[in-house]
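There are two complexes below, and they share chain A, which is joined by chain B in the first and by chain C in the second.
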Partner chain A sequence: MLGRTLREVSAALKQGQITPTELCQKCLSLIKKTKFLNAYITVSEEVALKQAEESEKRYKNGQSLGDLDGIPVAVKDNFSTSGIETTCASNMLKGYIPPYNATVVQKLLDQGALLMGKTNLDEFAMGSGSTDGVFGPVKNPWSYSKQYREKRKQNLHSKNEDSDWLITGGSSGGSAAAVSAFTCYAALGSDTGGSTRNPAAHCGLVGFKPSYGLVSRHGLIPLVNSMDVPGILTRCVDDAAIVLGALAGPDPKDSTTVHDPINKPFMLPSLADVSKLCIGIPKEYLVPELSSEVRSLWSKAADLFESEGAKVLEVSLPHTSYSIVCYHVLCTSEVASNMARFDGLQYGHRCDIDVSTEAMYAATRREGFNDVVRGRILSGNFFLLKENYENYFVKAQKVRRLIANDFVNAFNSGVDVLLTPTTLSEAVPYLEFIKEDNRTRSAQDDIFTQAVNMAGLPAVSIPVALSNQGLPIGLQFIGRAFCDQQLLTVAKWFEKQVQFPVIQLQELMDDCSAVLENEKLASVSLKQ
Partner chain B sequence: MWSRLVSLGLRAPVGGRQGFTSKVDPQGSGRITAQVIEHLERLALVDFGSREAVARLEKAVAFADRLRAVDTDGVEPMESVLEDRCLYLRSDNVVEGNCADELLQNSHRVVEEYFVAPPGNISLPKLDEQEPFPHS
Partner chain C sequence: MAAPMLRWVGRGRRWTFARVDGGSCHRRGAPTGSTSNRIRGQSSVAQQPLYTTQKPRKGEHKWAAVVGLEIHAQISSNSKLFSGSQVRFSAPPNSLVSFFDASLPGTLPVLNRRCVEAAVMTGLALNCHINKKSLFDRKHYFYADLPAGYQITQQRLPIAVNGSLTYGICAGKKQSQVIPKTVRIKQIQLEQDSGKSLHDDLRSQTLIDLNRAGVGLLEVVLEPDLSCGEEAAAAVRELQLILQALGTSQANMAEGQLRVDANISVHHPGEPLGVRTEVKNLNSIRFLAKAIDYEIQRQIDELENGGEILNETRSFHHQLGCTMSMRDKEGKQDYRFMPEPNLPPLVLYDATSLPAGADPQQVINIDQIRETLPELPRVTRERLVQQYGMLLEHSFTLLNEVGLLEFFQNVIKETRAEPKKVTSWVLNNFLGYLKQQNLAVSESPVTPSALAELLDLLDSRTISSAAAKQVFEELWKREGKTPGQIVSEKQLELMEDRGPLEQLCHSVMEAHPQVVTIWGRGEGQSHLQSQPQDTPKSLAITLCGSPEALPKNDWPSFIYNSLIVIFLVKVMDLKEGNPRAINKLIGLVRKATQSRADPAMIKEILEKKLSS
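After this line comes the complex of A and B, so read on.
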């Protein structure tokens, strides 16, 4: 049951094949079993069981709220959840319990979803590995998959299998690990520079970043106000569309949400007429650091579209090489501003120094933030100094416009959707990853994903195939602003063509009552 | 104004950083001088803590310098991708609030309905780059 799609489970719940409480308990027990992945910071067991009880009542009365009723989900720990600790994986907010729910969390709860817990991340969502939070790094479930382990036995004679575990990517690594290990059906992440799509690619999931302005940011602890969006991680595109349908829409509490009538329920047509599509391949994304496997998959994907009659064009995004620099400046500058609210006075950590306000603030912030966060605050403040403001911050804003225009021009040349890699390579071992510092890694890993945030466009990472080492590789589709439905439709078609394999985690699942691929369910009727 | 700053908190024993700034090589990258470091620490209310941190800032700045190569003549800065749209304004009616108790619960030091701060005798107005703390 845990390996099914959202729609299938929802149908099973409606037909009484399983109850929300049973489903909840299965997920909770799996969360306990997979604790070593460190995907969850807080497991909200009581809350989830209570929600499951209420959901069960609704199903009994035939009054289910929709496709998400009774479905276990997880939420990244930088979304505010009322009554549940929200830490952003930082000492600054350890023990902080928000008095309100983020709008997206509230929307999920209103649809009856069961909140399993808050997932781990890089501290304040700064990073591309989910390795820099105070609760420790997140381990990629694929490190323990049969597919990876078998390949490793062929290549290495090392018996010490656990020391070489792989990163999940970041910063929504906990959410990705949670979904990938079947502990929930969907998870919320946040995407500022690729933080949803990067771990999705490394964990073999669908990682969707909506258009900026489509989904409310109220309650998402902000990193970069002009680029953040809540992201969705699921195991298939249909599931992502269902979740998006629940979350999208204007919010009076977030003035950056758009009030145009784009909130139709997101039912994806099951067949796209591929021959009418025009796919763009940005040539500047073919960088030397790109691994040959990813490059070959990218090329095969383009060929696939072409063979089905679509037009596949090379396009140019000339300012691509500057986009990571521009992102770096804008991101650190906005971070410097957003992190200023953490002073220990109204919430969060507070140090013991009482000498003066300034001294208290300084010590609180030193104790509360790790090096990565402090480094970005300082860099940001540097770029915002009077003597640097024009040359760095304003300059970066101008370059941002050039980058956004690049995309507009590409789409205006008739392209519907752009196809690019998501990451440079498959997931790397943790020991390898930490050889470089956070800033360097982010600059390397965000290269294909951050330009999209600067332009505010929707994008999705789809898992395509396994590498020679048995690890997932994903490709990214980028759509026009507010054409999320079209983007997902294309992604869904593509997903069906590539048939990405299910992760085989039998060793973990052995005494779990549901065995994944071999389970024969009584036929579940799915009414479309 | 800066002379007042210099006599403040930075030289006060705020954790083990005494004498750090004097060890910094003033040549450095040319731009991250001891003066800049002090200034940044004062603005950000966050300290560098180590030479590695200063080196990281230097690298970050060198990285950002690559932007100079881009020709941005006549280009307007972009603040938001939604710049072409009108901001939605809701009607000016009070719809929620009166949650003082809930908000006070999250603070470590509270007296009646006040958040308690240490003495503000170093009561400078907030500098440009720091925003007043927003109410949630």
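After this line comes the complex of A and C, so read on.
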């Protein structure tokens, strides 16, 4: 049951094959067994069980709230959850219990979903590995998969398996690990420069970033307000569509959500024919750093579309190479501003120093934020100084406009969706990853995902195949603004073609056979 | 020690400003530094825009002051600029704070429509160009009562620009002439208010009240077209009246709904502008004028003595009446402005740009707001002058006192008395009593209806105007009696019937022929004329010839008769061409009749009787 997709388990709940409480307990057990992954910062066991109980009553009375009723979900720990600690993986917010739910959280709860817990991340979502949070790094469940282990035995004669675990990518690595390790059926991430798509690609999941303005940001503790979007991590495209259907829509509490009606619910048609589709391949995305495996898969994917009758065009997004630098200026500037509220006065961490208010601010912020956050605050304040504003911030905004226009031009040339890699390579071992500093890594890892956030477009990473090492590789589809449904429809067709294998966590699961009972996890295929 | 030196030297009566709000000083800590030696009388400052140096040298330098104002007006609205929490003065601390106001992470601003409408309305009333598209910015600084670490304001593209404010300055010997002046308005911007910090020096604690945090403000920026405290005060007073007329702000300075910062510099005309200082903490119009004039003089003195003016922020100290450097520790503030990413551009429409089928709840139509503009104070004054024939300065006074115009209009509505009579009573008697007892119009013991009834009694000649003043005095005692009741209780009705009065005069003259004889002796006449301040008793002795001849009883009728005699004496005076004498006598007679007899009638009757 745990290995199923959201849609399948939803059907099982409706048919009474399992009750929400049973499902919830199974997930809770698995969360405990997989604690070493460090996917969750907070497990909201009591809340989840109570929600399950209520859901069960509804099912008994035939009053199910819909597809999400009784479905265990997890939420990244930078979404405000009423009564449940929300830390952003930072000392600054340790112990902070928000008095309100983020709109997306509330919408999930309103649909009957069970909140299993809050997932790990890089501090304040600043990172691409989920390694830089105060609660420690998240381990990629694929590190323990049969696929990876077998390959690894063949390839290397591994010295120390335990220290060779892989990163999840990030910053929504906790959410990705939680879904990937079957502890829940969907999870919320956030996506500012690729933070949902990147870990999805590394963990073999569907990672969806909706159009900016389609889903409310109210309650999402911001990284960059003008780029942040709640992201969705699921095991298949249909599941992402179900969750999007529950979340999308205008929110009076977020003035940047759009009022234009969007087709709801997000039922995705099964494309029988892609001959009317035009797929764009941005030539600038073919960078030297791209691993040959990813490049080859990307190329195969293009061939697949072409062979099925779609038109595949090379397009140009000429300003792509400026995206990283531009993002750096805009991101750090907003970070400097957004982090100003963490002064220790009203909530969160406060230092013991009380010589003066200024001294208290300084010590609180020094103790509360890690080096990455402090570094970004410092750069951001530099860019916003009166004498620098025109030269940095205003210029970066202009470049942002050019980058957004690149996409507009590409779509105006007749392209329906763009096909790109999501990441340069598959997930790397933690010890490898931490050789570079956070800034360098973020700059490298966000290269294919960041520009989309600048333009506010919808994008989705789809797991395509396993690398030689037995690790998942994802490709990204980028759609026109607010054409999220079309984008997901194409992604669904593609998903069906590639038949990405399910993670085989037998070794891991052996430890918890009591939980899994007769589940045929390893053999559950995405599509029968 | 400095305080007594700081008398505000009066310059005669001007049209009055708002009630002086006393005792609203919340300064913390004791003032330091010696400033008293700089303080001198400033009466000359406000009257002439050009300043003569204190110690004129050869070829005497003239100084000109340049004053610009930044005025923050709290928008009168039920809820805050970007959140749903209520706006209320003096609510329990931190009782009106939403998650957004406390800057809880993840909360977002949602613009309050009412605040936008108030800004548009104010912009229109101040002849501004309304920007169809305006933007919001973040202004960053760390302060304990600014929980987000930034304030949302409109720095780059404000909602209204390029307006003007016309106000009046009183001039002339009696300050009775009103000179119109205009100050340009640079811009009006919407922004958030901060919370309040309460410093407890004893325990070295700062307590924060966030009730005010996030309340909508209109920042009105005036161009530096002003040249003295009086002009600034008059301009702010006019703006206050406009805001109150529009209902866009209660603009009560004592409650902090209107706050003024002044930018001040001095220079020699024709030369570049001098370095300016900013004076903050001006919480009444009187202090505003005082602070500006003080600061102008300070700068002149400083420069005259070879000093220099620092570009600094200064605070006005109410008790000492001087400005003092606030000694900003951080030095130069860089506010690191940045566009507010959570608010889309604010787009306004007019009749021509309104999209077809737009939801009126979702759009703001400038033309529609223009139609709802109420009468502005300038127009109200013109109307008062036209409609009631009052003097322009009277119209200023009526508008300047909070609630006085409404009081006046309510009286007018209910009385048959002439508007001029009403104006005179409201501005002289009513306002005089208020001022004397330092009361606001709303605290008046006399209601408009009571005054209207009183004026009706006067108008219908039921009472004399002297009796009316007596009734008014009774009304002021708050005994809950109507003017009618007071008149009948005190028997203040005018002796209206001619018959009884004539008969009284006649019988009095007939019954006391000896009184006439005394008058005929001549010495009585001269005595009476030379010593009008005599007591009744001394008069009586004079009349009777000796103290022994005084009556044993029936004093009232004796005095009455005596007065008639005096009156007759004066009538003779009149015949001899001495009108002042008869006026004095009429006064005495009126007093004797408790002002009940109409002097004109008495005069007429007696003249007739004497000449016949």
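Criterion: the second predicted complex is superposed on the first by the 507 of 528 C-alpha atoms of A that agree within 3 Å, B and C clash if a C-alpha of one lies under 4 Å from a C-alpha of the other, contacts with A are read in each partner's own complex, and residues count from 1 in each chain.
In the analysis below, contacts are C-beta pairs under 8 Å (C-beta built on N, C-alpha and C of every residue); 3 or more make two chains touch, one makes a residue touch a chain.
In this text the structure is predicted, and so the values were computed from the model without any measurement.
Engineer: Please indicate which partner A:Leu385 is in contact with in the superposed arrangement: first for chain B, second for chain C, both, or neither.
Structural biologist: both
Engineer: Under the stated touch criterion, which partner chain does A:Ala363 make contact with: chain B (first), chain C (second), both, or neither?
Structural biologist: In the superposition, A:Ala363 touches chain B alone.
Engineer: Taking the superposition as given, does A:Tyr212 touch the first partner, chain B, the second, chain C, both, or neither?
Structural biologist: The first partner, chain B, only.
Engineer: Identify the partner contact of A:Tyr285: answer first if only chain B is touched, second if only chain C is, both if each is, neither if none is.
Structural biologist: In the superposition, A:Tyr285 contacts neither chain B nor chain C.
Engineer: I'd like to know which partner A:Ser337 touches here: chain B for first, chain C for second, both or neither.
Structural biologist: After superposition on chain A, A:Ser337 lies in contact with both partners, chain B and chain C.
Engineer: Pick one for A:Gln346: touches chain B only (first), chain C only (second), both, or neither.
Structural biologist: both
Engineer: Of the partners chain B and chain C, which touch A:Pro252 in the superposed model: first, second, both, neither?
Structural biologist: both
Engineer: Looking at A:Tyr148, would you say it contacts chain B, chain C, both, or neither? Reply first, second, both or neither.
Structural biologist: After superposition on chain A, A:Tyr148 lies in contact with neither partner.
Engineer: Look at the residues of chain A and decide whether chain B or chain C touches more of them.
Structural biologist: B
Engineer: Quick check for you: in the superposed arrangement, does A:Ile221 touch first (chain B), second (chain C), both or neither?
Structural biologist: second
Engineer: Of the residues on chain A, which ones does chain B touch that chain C also touches?
Structural biologist: 96, 99-100, 226, 252, 255-256, 336-337, 340-341, 343, 345-347, 357-358, 361, 381, 384-386
Engineer: Using the touch rule from the top, collect the residues of chain A that touch chain B in their complex.
Structural biologist: Interface residues on chain A, with respect to chain B: 96-97, 99-100, 212-213, 226, 250, 252, 255-259, 319, 322, 325-326, 328-329, 332, 336-337, 340-341, 343-348, 350, 353-363, 365-366, 369, 371, 374-375, 377-379, 381-386, 391-392, 394-402, 404, 437, 439, 443, 454-456, 481.
Engineer: Report the residues of chain C in contact with chain A in the complex, numbered from low to high.
Structural biologist: Chain C reaches chain A through residues 99, 102-111, 138, 140, 142, 144, 147-150, 206, 208, 334, 336-338, 341-344.
Engineer: Note which residues of chain B are touching chain A in the complex, please.
Structural biologist: Where chain B meets chain A, its residues are 8-9, 12, 14-15, 36, 39-41, 43-49, 53, 56-57, 59-61, 63-64, 66-70, 72, 75-82, 85, 87-90, 99, 102-103, 105-109, 115, 117-123, 128-131, 133-134, 136.
Engineer: For a test of understanding, state which residues of chain A touch chain C in their complex under the given definition.
Structural biologist: Residues 79-80, 86, 88, 93, 96, 98-100, 102, 217-222, 224-226, 252-256, 333-334, 336-337, 339-343, 345-347, 357-358, 361, 381, 384-386, 389, 393.
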